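Two complexes, one shared chain (chain A), two partners (chain B, chain C).
Now for the complex of A and B:
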């Protein structure tokens, strides 16, 4: 067991890094308003005629009359208190809008994550343990193909076959109640996961192969340790680190791809809200969702970093030396 | 999609003694497909039998025939002609993204890796922050700010893809610094900039090319996704992504052909780029091994 100080240092360093990244990202997202051509107030209203009160509250919300840094801090403190401002198209709190749609997106994410983990890991492990044989080739051919199928293509083709032709699944909507929702989200979850299944199984396969070739694995095998124990304790456990790292990076793609899948299946989630808001130039909503996606990505990767030492205590060894 | 990172990781940790496809035929096939689409894009006016934007409302969603090789879409436009013209926007966009991000990435990575020290730490920190912005998300933000079309997504994605090249180049340059040939040039009195640009860069360029090739496929997918969402290429201009978007109504009517044609074009092109990029990476790995 590593000393507590080392663990604290490791955790502290990661958390500090995340805080800096989030702060910088929030600043960039806020400042992007000023990259838009023209006056920010004109950009925000987009030719809409707002009542003088609405205009005043807009200038107040964005603090457009304040110096830039004051504006940013004002906005940031709102965000930290869960206040993302008011949407133009819905004339409602952005936080309320997001809250109403979060459930669909989270369910979709969880379903996709389960599919990706189970199918991706299994395919990668099966491939690596049969390296060079037919099963491995099949996995390689399938993953080469699936990695090139974007979620919107998968969505359209799945709708065409399983919803229209076979009539097994609905083509549209998110469903009521948990079971119905899962039923409605099955095709979207499959469409969302295909590419990621391919990538995870690729990474799993190469990480497993790398570990399978190590000396301690050969030693364990030559000492008569059962194959299944060798694979589980010496190969898979060591391969888990790189697999987890890549999975963390993939989360970003998963979050953004859900916008495409939600739009394709007419789901009322965060992603379709984002696309809808881009269409209506509803900047407060776009800003909020962008920040949430970046935040979710950064936090998931923090979690991955914090899990690493539990899988492989050597991760902390590097920290002790610093 | 921002599924770029794993390729980079797989690229490093690759153990590709086994290939998915036996023999070299798949490489030639991939190269052939890309040449074919490139020719289609260049010579679209000569190849396409119809104006890709000409509608014919008496002839909608027609099946393949002598008149219309791949049928017509929901407003009677010739699918084959749209496919051929669509190759233009679908290939030129990713080309711009890959070219811009490669140039930027090489520049940033070379400076960071070669100079090292504080500058390197600052650049690495900035790259870390950029990694938190998926390419599609940045493209969506850019469209919100600058309007729909290809320009905003291309600029945004060029920025978003830069860290992938920059990080790779930085790593390669740092590894090169300790190689004997670099010391040899330095001892002979070549200036550091000269060694970096004239000696190290050409040496690592095949690996950069491999990464850029794989990136082309991902850029194509991301841009097609923007057009699918109605934020990229605007109607009536034909583009594979927007063709798939246009086909949604027909798919619900049980007429999937207009969706299948551009889908196959996207998938085949991306597979071809991935196969070539990975093959290039493998050959370099084998040469260096």
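Now for the complex of A and C:
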């Protein structure tokens, strides 16, 4: 195993990278909304005409006349203390608004992630081990089809078949308590994961096929190691690197896709809140959710990076020489 | 002599859709216990496929005919379980590129003991580890204990090929197939690897099939040498006789294109043309289009048989017609 110093350097380098990325992202997010057309004050007044004094005090209250950098630093220091400001439309803490919806979205994402990993991996493995045969062709046709179905179409189809016609699942709402919530979120999770299942299974299939062609796989076979052991210890294990990388990016991207599915199923989650807030120019909420999305991407990728050396010991070899 | 360890009789291997000509076209080959048999030829001549077929490792979609017996087991008809036991106990293979042949993500110790742990049921892990240590020492690696815990990228190519050899010997095979074991290594390492292989072969009394395109190497290691071209054995003889008097123009051409330290040559004479394409399936002799002694109208229309002359044999109409004439 690599010495502790090498591991610390590897981890330190990546954590530092995450911090810099998040800082840069926060600046970009704030700046782009600052530059966006429309004065937040117009939204705050909701079309009413205010006296110049009242307008001034409103602008004062939200700090709208401060220089850009002062506004940014003020916002950033709030974010670092867990305060994302006050929502224009709800007149409530952004943190409270998000906290109330986070549970639904997280549950939805976890369920979708499990579906994506289990179904996507299985389909990809089955396909690669039967390359060129009927099972493989079925997987290819199914994944091509699924990858082409937008999630809102999938949502409508699932609702009409499983919720309306068969009545197996509820059509609407997030449910109370964990079990009920899982029950309510089953169809949304399926709708959300279909495209991603297709992508993960394609990546798994090609990564497995590449590893199946390696000489060390033939060597293991030539030594009498049973097929299932060869597939598990040499093919799947070695294919995990690319599969994990792609899955990480996809799972982080679920947060974005969840907006559509949450709207279709009438779920009160982060995604639907984002759409609603963009619609109403509710900048503090948009900034907060966008930052959370970026944070999710960066953290999932950090996790993938930290897992990589456990899969491939050569990852750390490059680090030792640095 | 007792029954050979490896006996291939009239083995054909076809790859429909990929090759028009058979990859193996009636290969006969025998390796007895304690004997080193060489298999030489250019790349694409079917040497590696021959060795892999001996272990039942044939490409997907291949049609194989003929008979392959390894230590009494019919490889081509054996059930998967019997084949696995044969691979883990009777016959083993050393591959060309050790860097590609050992899983880069697993430790050396894992590679060595894997077959013992997963192929043979109930094998004692500690016994396998002990044997791995002994073998690493036998192949001349300096720190067996440490190597077991290392990953392949921490070792040089020569060291890895030693690991590969140790790995092949883990199951105490009676037959060792070496597929160009030194081609991927530098010259000084080549010499060491060959001497390790030769010593272990003698010590264990193994039968060995040694594949190489290096004729001098074949001459120094092998008892008998088979020369392959386009999926056929075109000549075989004892190593000494083959080099003293090659009977097939291809063998003669290979010899003439090999640099020699003993004989002063002005320049090497390469064999003209390129090896027979997988898409070509000539009516006559497969070597005719490159042969400098081709007999027009005869060699291009008639496929020669392998004809024995004493304890050697060749597949050339030249030798058969002179015999008839004489």
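The working rule: the second predicted complex is superposed on the first by the 291 of 322 C-alpha atoms of A that agree within 3 Å, B and C clash if a C-alpha of one lies under 4 Å from a C-alpha of the other, contacts with A are read in each partner's own complex, and residues count from 1 in each chain.
Here is the rule we use: contacts are C-beta pairs under 8 Å (C-beta built on N, C-alpha and C of every residue); 3 or more make two chains touch, one makes a residue touch a chain.
Being a predicted model, the structure only gives us computed values, none of them experimental.
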{"item": "Partner chain(s) touched by A:159 [first = chain B, second = chain C, both, neither]", "value": "first"}
{"item": "A:255 touches, of chain B and chain C: first, second, both or neither?", "value": "first"}
{"item": "First, second, both or neither for A:148, with chain B first and chain C second", "value": "first"}
{"item": "Dominant toucher of chain A (residue count), chain B or chain C", "value": "B"}
{"item": "Touching partner for A:13 - first (chain B), second (chain C), both, neither", "value": "neither"}
{"item": "Sites on chain C touched by chain A in the complex", "value": "52, 55, 57, 80, 83-89, 92-93, 95, 97, 100-106, 114-115, 118-120, 151, 153-154, 164, 167-168, 170-171"}
{"item": "Chain A - residues contacting chain B, complex", "value": "17, 20-21, 24-25, 28-29, 32-33, 35-37, 43, 131-132, 136-137, 140-141, 143-145, 147-153, 156-157, 159-160, 164-165, 171, 195-196, 199, 202-203, 206-207, 209-210, 213, 242, 245-246, 249-250, 252-253, 255-257, 259-260, 263-264, 274-275, 277-279, 281, 283, 286, 290, 293-294, 297-298"}
{"item": "Of all residues in chain B, those that touch chain A in their complex", "value": "1-3, 5-7, 9-10, 13-21, 125, 128-129, 131-134, 136-137, 140-141, 143-146, 217, 221, 224-225, 228-231, 241, 244-245, 247-248, 251-254, 256, 259-260, 263, 266-268, 270-271, 274-275"}
{"item": "Chain A residues within the chain C interface of the complex", "value": "214-216, 218-227, 229, 233-234, 237-238, 311-314, 317"}
